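Sharing a structure, written as structure tokens. Questions coming.
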């Protein structure tokens, strides 16, 4: 099995003056899984878009099964047998499963009327193929849970009988069970002789599942080698270009009394009397599989989603009503998992973003209406420096032009400035490259050091074990386990609680 | 180099206004005299005030159709209260009451709009369209369709008077624009408004209440419409249910030509004022040149298209989304 | 967003009732209106009058169908009314000055509408200007052109248009058949063709659609083009109906069309709406208000207020369940 | 004459230049979008120049005729009259406009106009722009006589004589001459006339169409009609009042809806001939369009005196039209304007109008064809 399915030679691509791809040279063998790793902004998405016909390359050659390949549109790529499973789900929530799967290629008669029966039959077959026969082809996507949507997305990629399938961070929104299922499907595809490119931030997965690993950095392929010959330290080094000695920072801090408490939180159809206590200076991790209710819990106690009953208490005082504005007033802060949609004002300057949640504190004197621009600039300068945000001018540069890690730091800066005492962090390092991750962990530790209570939700067990003083495990909208640092931390134990088997 | 950079950073609209104005001064006979300029300035006042109000609603991605209808309702109601033919005989008290009622009417419908949009989550487009019909209907019911005349002399003087070539009405308009400018740029509410307009969810999660902010924007727009009604009444010396009927395009034109993004979150009051002046000047100059009005309509439409296209190109260059 | 599974007991029943009300609130208002008018004037609910309402609705109904296409791709078209005007003028010119047969005139106005629609589509998809602004501008441009072509005067149409206006099959006006025909075709296009489903896809997530290999801009462009073409037909049909094109022809009708479409279930946020029965319900509801008020001999002054209130209520019921961003 | 053309050309060129300069300023960069729009916007911007060349040619043709006339010996060639129209939406106004144009031409007077689309605010602005333009006299056909007072005051200050066409101005301003007709009185007289020719015992069940409720003239005609029929309760019964906003489709719907509610309606009052074609279309669709005296005839009473209305009377379908003598009014307006500009006194004139009916059309008005 050494036939080459896809070969990229010296691909270059630039936007205006910025050269995003400098030299991409890559080979994908038939029936192999190629893992592609690299920091955010290394050029992975651009490379994929070149392959997918969304962008046109500036230079270099691509050979598909030995013949020159130059896609002019996504349709060309599809016709050539290249399929994509995207990081963000590209499903139309207002259409049915069948319609989503056939959206560009519906079977139809001469009048253009589509053959619904034929479509449904094909979809049923394909769904069975990926082991998702529980999904009805006529269901509207909006009524499917996330995991099932991902399965639909995968089904989509096998619709066209693709020879090469590219998975772009497919596991970010999946529970472990779903993840296993996905890898099962990938292996099955491999057995069928399909070639797969697997892009992921999660090194464990890459090591466990791939035949080869290629590292992409700054628009160049740094290395491509057999997985069996690679080790994590080297790969990480190649990704960031420097050696990371300690991924998780530690610091000296004192953990005090219980300051934050959620009591008997109920939400119609989801939570039934869920409680949680956090001490001063403590970092509490919440682990749970997708759909366990972690994100929903944070959003619920922050007042973003309706809460039918329950109390949110800070320092013995009940926060009432539980609405974002009031929660913030009482010292709470929420960092959501999707910063571009919910965290930042992308077209606005860093200054405007950073002072956003403490606007009232930046009013002039004792006045009620007017803003104090000088004070804003001062705070912004301090924050960019403290959190080491890379920017040429925080008063001019817009948040949309920053890299993922820097954007996340701006979100942190926004909250650090308003000085809350309870931090709710939802996947704070999602989509952030390794270097920036470290800095974000440092920020989190610093917060705890300054006597804040931190609740951190993450899908990466390792990360929680590295950062948190205590880990709570959630399953089916309940807390099912609790582990304390250094005593009983073990990934297997956590997973056991998470799948709910042990209880 | 530095001056060039500075010149470049001036928004395009100022250049257009300046170029158009100078060209009109040079080439259009009858334009370059003080009386004509004074007339030009007094014509633009109502548009400036209305555009400033609607500007706020556009900033959060909405729109306010009601403001033009409020122009009709406030002038007939306010006019009938302060009229010398009215029950109060045009006394000073009547004048004050009339002015107050006009602003309150604007405020009231602003509250209704804001409440419906924020509480029932109705799209502003439809809400304000429906309230526009209702407000217009009320104005017609109130007068039976006839005009209201007989403004007290003090009010007439206010409407016709001027300092040098600057009509009193312009001073009101500039005052309103200035207040709006300060509100949008210097105050807490202004910052909240831009934040909500840019990213509704991010604003909510950062403790800025979109509901309160949007509500306030519509209320302010209503108040502006009330004040615009006062200026209109003073300028025309009569109240009519017919006012504002064809103004909406000009209002949106002013805002768009001023570079405000109709998607929300971006745009300056000062530029909208300039936009209003430009639209007004185009109207006037083409009128003086004897261009048929349908060409004026057509040209204004084209200018909106061109201005919006340019704005997008500039944004594309500025922000890589 | 995600469906909350209802719990057993009373609350669920209450909730279901509430949801039912919200889903069918428009129908509740429609029925309430019908009952009100029928009580006031029993001949409101006769076959003849219902057919009449349908007939009165048919012209703007066709424009409504066009508006559905645009609303489904999350756009809006303010220029519909002036598009109707200029198309009617073009069609009328073919009829009067060139002496063309009526079908040719319809083709001419349809083409004219199509051109205006294409201009809208071009600026929305290529230049990427917000549709509201583009169509506001083309509104002015089309109006200016139409007034120029007519020299701002009334344009009388040849008498042969009356044959179409009075034509009846089975006692039902030809207009109704044309309207229903357009609705049926549009319904089939939207539900049973790939293009139709792609329209919904583009309205739901345009960027996603592009990535999926749908030619998003082209699809949206076609939506505007179809809307334009249908407006062209509606314009000529209206002109045939009236026998004359006044300078204020169809002025303000864009509001009627948009509000009817929204009442009929299309969303200003795109991706939603069924032409059948939505477009019919929407426009019939608005026209029934006018018909009913005329029948009960209401004062001329209450018409606009009543219409405004009904539109307000209808949209309110529809919006309460909406959970997205406030605009 | 050349100057005039230059001005127009300049106006259009300026708009074009502006549009292009806007693109130029914005699109200096190298982005592909910029060039895309540049190429798209430029032809758009030049678009107005194309169609406008036609009217300016037409205008120049008129002007050359004017100058020819002035060369032929008329001595008033340097007078310019500005005419501010409320709107040219009915045949009467078209007649008015054509007559004034022709009259100006024959007198060798320059003519310039603006149309306000029935928007009173716009009309005020346009009148003020005439002042800036430096015209010698202004003829105003107001959308609302009360609402133009403020603009007329401006004219008074600028010493430009104002002639009111068709409708009088409100109080508080000086008008040189008023050539008007009293809409309300005319409608009243028209209804009286109908009463006088209607046999005793006839019952009229009336549908009244109302023009725009925001238009004072529509209101005047409505009041005239309603007040008069109230005086004859035995003869008239008002079944329905339908607002039309001067729009044909609403008039048509109003007719159909009313007949659907009440088949016995036998009298329609139309406030303008502009609505008549739509009313007739509605009646034809209902098979109610019969001649006077025939079975099922619906009495049609209308206002203005357009050609199609008069011919319909001649054919016997329409009963009565109240005619404003637009031709004569227009001539008087121009005469008054020329007199005023020449410093002479001008006379007010009230056009009483006349009724043309199926009974008198062949006798008294055999030559009258309407306009």
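Chains here go by letter, A, B, C and D, matching the order in which they are written, and residues are numbered from 1 within each.
Basically, a residue touches a chain if its C-beta (ideal position, glycine included) is under 8 Å from a C-beta of that chain, and two chains touch if they have at least 3 such contacts.
Because the structure is predicted, anything quoted here is derived from the model rather than measured.
*Asks:* Skim through the chains and flag the pair connected by the most C-beta pairs in contact.
*Replies:* Pair with the most C-beta pairs in contact: B-D.
*Asks:* Which chain maximises the distance between its CA centroid and that of chain A?
*Replies:* D
*Asks:* Would you kindly tell me how far, in whole Å, the mean C-alpha position of chain D lies from that of chain C?
*Replies:* Averaging C-alpha atoms per chain gives centres 31 Å apart.
*Asks:* Quick one: report the Å distance separating chain B from chain D, using the average Cα coordinate of each chain.
*Replies:* Here chain B and chain D have centroids separated by 30 Å.
*Asks:* When the C-alpha atoms of chain A and chain C are each averaged to a single point, how far apart are the two points in Å?
*Replies:* 42
*Asks:* I need the residues of chain C touching at least two other chains; which ones are they?
*Replies:* Residues 123, 127, 145, 148, 152, 301, 303-304 of chain C each touch two or more of the other chains.
*Asks:* Listing for chain B: what residues touch at least two other chains?
*Replies:* As it turns out, chain B has residues touching two or more other chains at 136, 140, 144, 201, 292-293, 295, 298-299, 302, 305, 309, 312.
*Asks:* Send over the residues of chain A in touch with two or more other chains.
*Replies:* Within chain A, no residue contacts more than one other chain.
*Asks:* Sort out which chains touch which and give me every pair.
*Replies:* Here the touching chain pairs work out to A-B, A-C, B-C, B-D, C-D.
*Asks:* Could you list, by residue number, the parts of chain A that touch chain C in their complex?
*Replies:* Where chain A meets chain C, its residues are 52, 54, 73-75, 77-78, 84, 86, 88, 90-95, 99, 102-106, 108, 112-114, 116, 142-143, 145, 268-270.
*Asks:* Could you pull out which chain A residues touch chain B in their complex?
*Replies:* Those in contact with chain B are residues 302, 304, 324-325, 328-329, 334, 336, 341-348, 352, 356-357, 359-360, 363, 368-371, 398, 400-401, 414, 418.
*Asks:* List the residues on chain D that touch chain C in their complex, please.
*Replies:* Going by the criterion above, the answer is residues 33, 36-37, 40, 51, 55, 87-91, 94, 115, 210, 213, 239-243, 245-250, 252-254, 256-258, 260-262, 274, 277-278, 280-281, 284-285, 308.
*Asks:* For a test of understanding, state which residues of chain B touch chain C in their complex under the given definition.
*Replies:* Residue positions touching the partner: 60-63, 116-118, 120-127, 129-134, 136-138, 140-141, 144, 200-201, 210-211, 214, 249, 252, 256, 261-263, 292-302, 304-305, 308-309, 312.
*Asks:* Per the contact definition, I'd like the list of chain B residues that touch chain D in the complex.
*Replies:* 12, 15-16, 19-20, 23-24, 27-31, 33, 35-36, 39-40, 43, 46, 72, 136, 140, 144-147, 149, 159-160, 232, 235-238, 240-247, 282-293, 295, 298-299, 302-303, 305-307, 309-314, 316-317
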